[in-house]
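Paired with chain B in one complex and with chain C in the other, chain A is shared by the two complexes that follow.
Presenting the complex of A and B:
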């Protein structure tokens, strides 16, 4: 059975509508959302309403958490003072616009969703704020998937879609015990655990693509065959950009979206886990 | 025997880079003067504000400033190479010295400078042929950043946005920018060239407060949005409290570790 995974909607209604229309056109009924429904975009209530209306199972993203909990993340959230100032501006605007009902909905979202051996998270199984970038150290990536007890991990947060297969993984363990300890020997032999194929599938971003062009991205995964398709969907970018400018938010927000450039710049230490 | 060259050309054609190469390959003393240039119809010259001189003096510490009145009156060394830079949008109508913009002559005379040769980018084969633009209209905007210190990651983002059109159709941007650790960079970009330069200055300031060096941003282009640039600058520059926190950390790292007292 094929199912669709969407992430990082960022209050971009035009993009979400285009993606849902594309999913419907594929005849896919099962959709999972990996969070970040709000932030940066101009239609947070409309986007949350649409997700609720379609009853799409959703886990909580970092923006969804920040809107509820407030900005109390550690230094890692923004890679520069400029990104932080702009992020705070967008946060304040979104917090003022979002209805109490929709805030309550975001607060109710789980941190992860699981369906058999498929695990759905926003950032990583550790945190909504952790980036699993495609070039992350293979052992660390494998650890994230394996320790969460998943075969396939679906994530977002980076805004760049990718499929990463972790093959031929193994963990070698050497247990040293001091003589005299119960059952102790001077040195135990190595134990090597062979790990089966694990996958990380990043759904990219519906509302704020950062993969080099402006098209919204999501993924379709076939549970029977394992096939993954990264879909790119054109949408009315200008509609969203005009709304940003009309609302009086900095024009740089629209410029970034119009060019498909990264907004919240890549963190210096992408594997850092926020200690909020 | 001393030689005085006047080098002219449009913005970003490589005048300063060529001059730097001449200074570095000349065995004797060198002097430099940058004239402001003159606007043409619809074309505004940017006020360099000393960026080129500061960059060249950092790279070539003995470089004489020919705009200094004391230098003008001082006897010149026999083997002095004097280089005069003149921003000029359009090629001269006459060749050689006859092509020197007449408006520059009084200023040169006041500094006792008389060019032996005038070469213009795009006209004279002795200069590298760069892909210079045919300018039809050009705005200029500049900002004095004396004492300003950048959040390094923010500088990188701002420069990316600036040269990719977030604040208007930028043709040319150059700047001297200071960082909290005492380093400074000469940032240089031209629309017709691939990539951009972030070149470190050799002179380091101590990470203790705001560096006294020249710092400035100059932008030329069309439909520039100075108000938006100002907003971004305000978000990129460090205030006193943040600067002190960052520099205190650096000073602590640099401080020699104290030997433990003898037992």
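Presenting the complex of A and C:
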């Protein structure tokens, strides 16, 4: 069975409508959303309304959490100071716009969704704020999937879609342990752990792509064959950008949509875990 | 040549600390003493040990202390951790244990306890109570090697000294690797990553402590008050 996974909608209604139309056109009925419904874009209520209307199972993103909990994440919530200043502006604007009903909906979202051996999260199983970048340490990436008891981990947050396969892994260890009684002799044991094949599938971003192109991205995964298609969907970028500028939001948000790129949004430390 | 002593889990036991100090004073030629947390606990009054740690005697090594799980619980209950309280302790051992912990430490020590750090980085070593993930992360010889490697990677160190499990052990990650294949909209790329030569070391608790020589990588697991068999118990 093929299912679609979308993430990082960021209040971009035009992009969401285009992606949903693309999914519908392919006859896919099962959609999962990895959060960040709001933030940066102009239509937070409309986007949340549409997700609720379509009854799309959704887990909570960092933006959804921040709108409810307030900005109390540690510095890693924004990968640069510049991004943080802009993010705060968008946060304030979004918090003012969002209806109480939709805030309550965002507050009700789970941190993760699980379907058999598929796990769906926004950032990582550890935190909505942790970036699983495509080239992060392979063992750390594998640990995120394995510790969560999943075979395939779906995530978003980086706004860059990718499929990462980790295979033929092993770790050899020598364990030396002291026995309980004082004066005993250390016991040594050599073992090898064989690591199972695991996959991380990043759904990219519907509402604020940062993969070097302006088209909205999402993924289609076939549970039977394991095949993954990274989809790019065009939408009315220019009209969306103009509306952002007209509303008085930072023009960089429009620039980012026009270019699908952002230097500042690179995580400084991919291994960092939010200590909120 | 540098030589470290690493102790933890005293939980108010001044006699154990005196035994370790005597051990170090007489035989060990140690230049730095690290105390990896859990200097307090609910079983006994801890003030004498806390005062001793804060005011070392002349000629004695000044302990470099971290906070452990018990200090974290006390700090939380006393309002030093934002809205969090000693929920983990309350859940695992009940309200009586929380009360006993509050009684065991004079409020006058809270300033010193609140100033303790989560961990130290010395050379290429991380010294922590639990792990780089959390103060309550209990690493042991049976922990998944993948998890141990992750904890080392998070701090980008070659040696991670931990105390939470109370056990004395050394796990050497000695080989292996993983093949990574990434496909994105730019194409596909392969990468073979090898397991780095790294170690996780459990230092023990109470009178059971560890000596480490960062120059030679020699490790000795010891017990204060016991006649040592250094040749048998240590390994480089």
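Everything below uses one rule, namely that the second predicted complex is superposed on the first by the 263 of 276 C-alpha atoms of A that agree within 3 Å, B and C clash if a C-alpha of one lies under 4 Å from a C-alpha of the other, contacts with A are read in each partner's own complex, and residues count from 1 in each chain.
Everything that follows uses one rule, which is that contacts are C-beta pairs under 8 Å (C-beta built on N, C-alpha and C of every residue); 3 or more make two chains touch, one makes a residue touch a chain.
Note that the structure is a prediction, hence the values are computed from the model and not measured.
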> Since both structures carry chain A, what do chain B and chain C do when superposed there: clash or fit?
Replying inline: fit
>> Quick check for you: in the superposed arrangement, does A:157 touch first (chain B), second (chain C), both or neither?
In response: neither
> Is it chain B or chain C that touches the larger share of residues in chain A?
Replying inline: C
> Mind checking the angle chain B, chain A, chain C on Cα centres after superposing, to the nearest 10 degrees?
Replying inline: 90
> Counting only touches as set out at the top, which of chain B and chain C does A:255 meet: first, second, both, neither?
Replying inline: first
> What is the contact status of A:122 with respect to chain B (first) and chain C (second): first, second, both, or neither?
Replying inline: neither
>> Per the contact definition in the header, classify A:85: touching chain B only (first), chain C only (second), both, or neither.
In response: first
> How far apart, in Å, are the nearest Cα atoms of chain B and chain C after the overlay?
Replying inline: 6
> Of all the chain A residues, which ones make contact with chain B and with chain C?
Replying inline: none
>> Show me the residue ranges of chain B that touch chain A in the complex, using the header's touch definition.
In response: 151, 153-154, 156-158, 161, 164-166, 225, 228, 231-232, 235-236, 238, 242
> For chain A, which residues count as touching chain B in their complex?
Replying inline: 79-83, 85-86, 250-252, 255-256, 259, 261, 265, 268
> Contact residues on chain A for chain C in the complex?
Replying inline: 134-135, 137-143, 146-147, 160-178, 182-186, 190, 192-193, 195, 211-213, 217, 228, 230, 232, 271-273
>> Quick check on the complex: what are the chain C residues that touch chain A?
In response: 133, 141, 144-150, 153-154, 156, 167-186, 191, 193, 195, 204, 208, 221, 223, 226-229, 232-233, 235
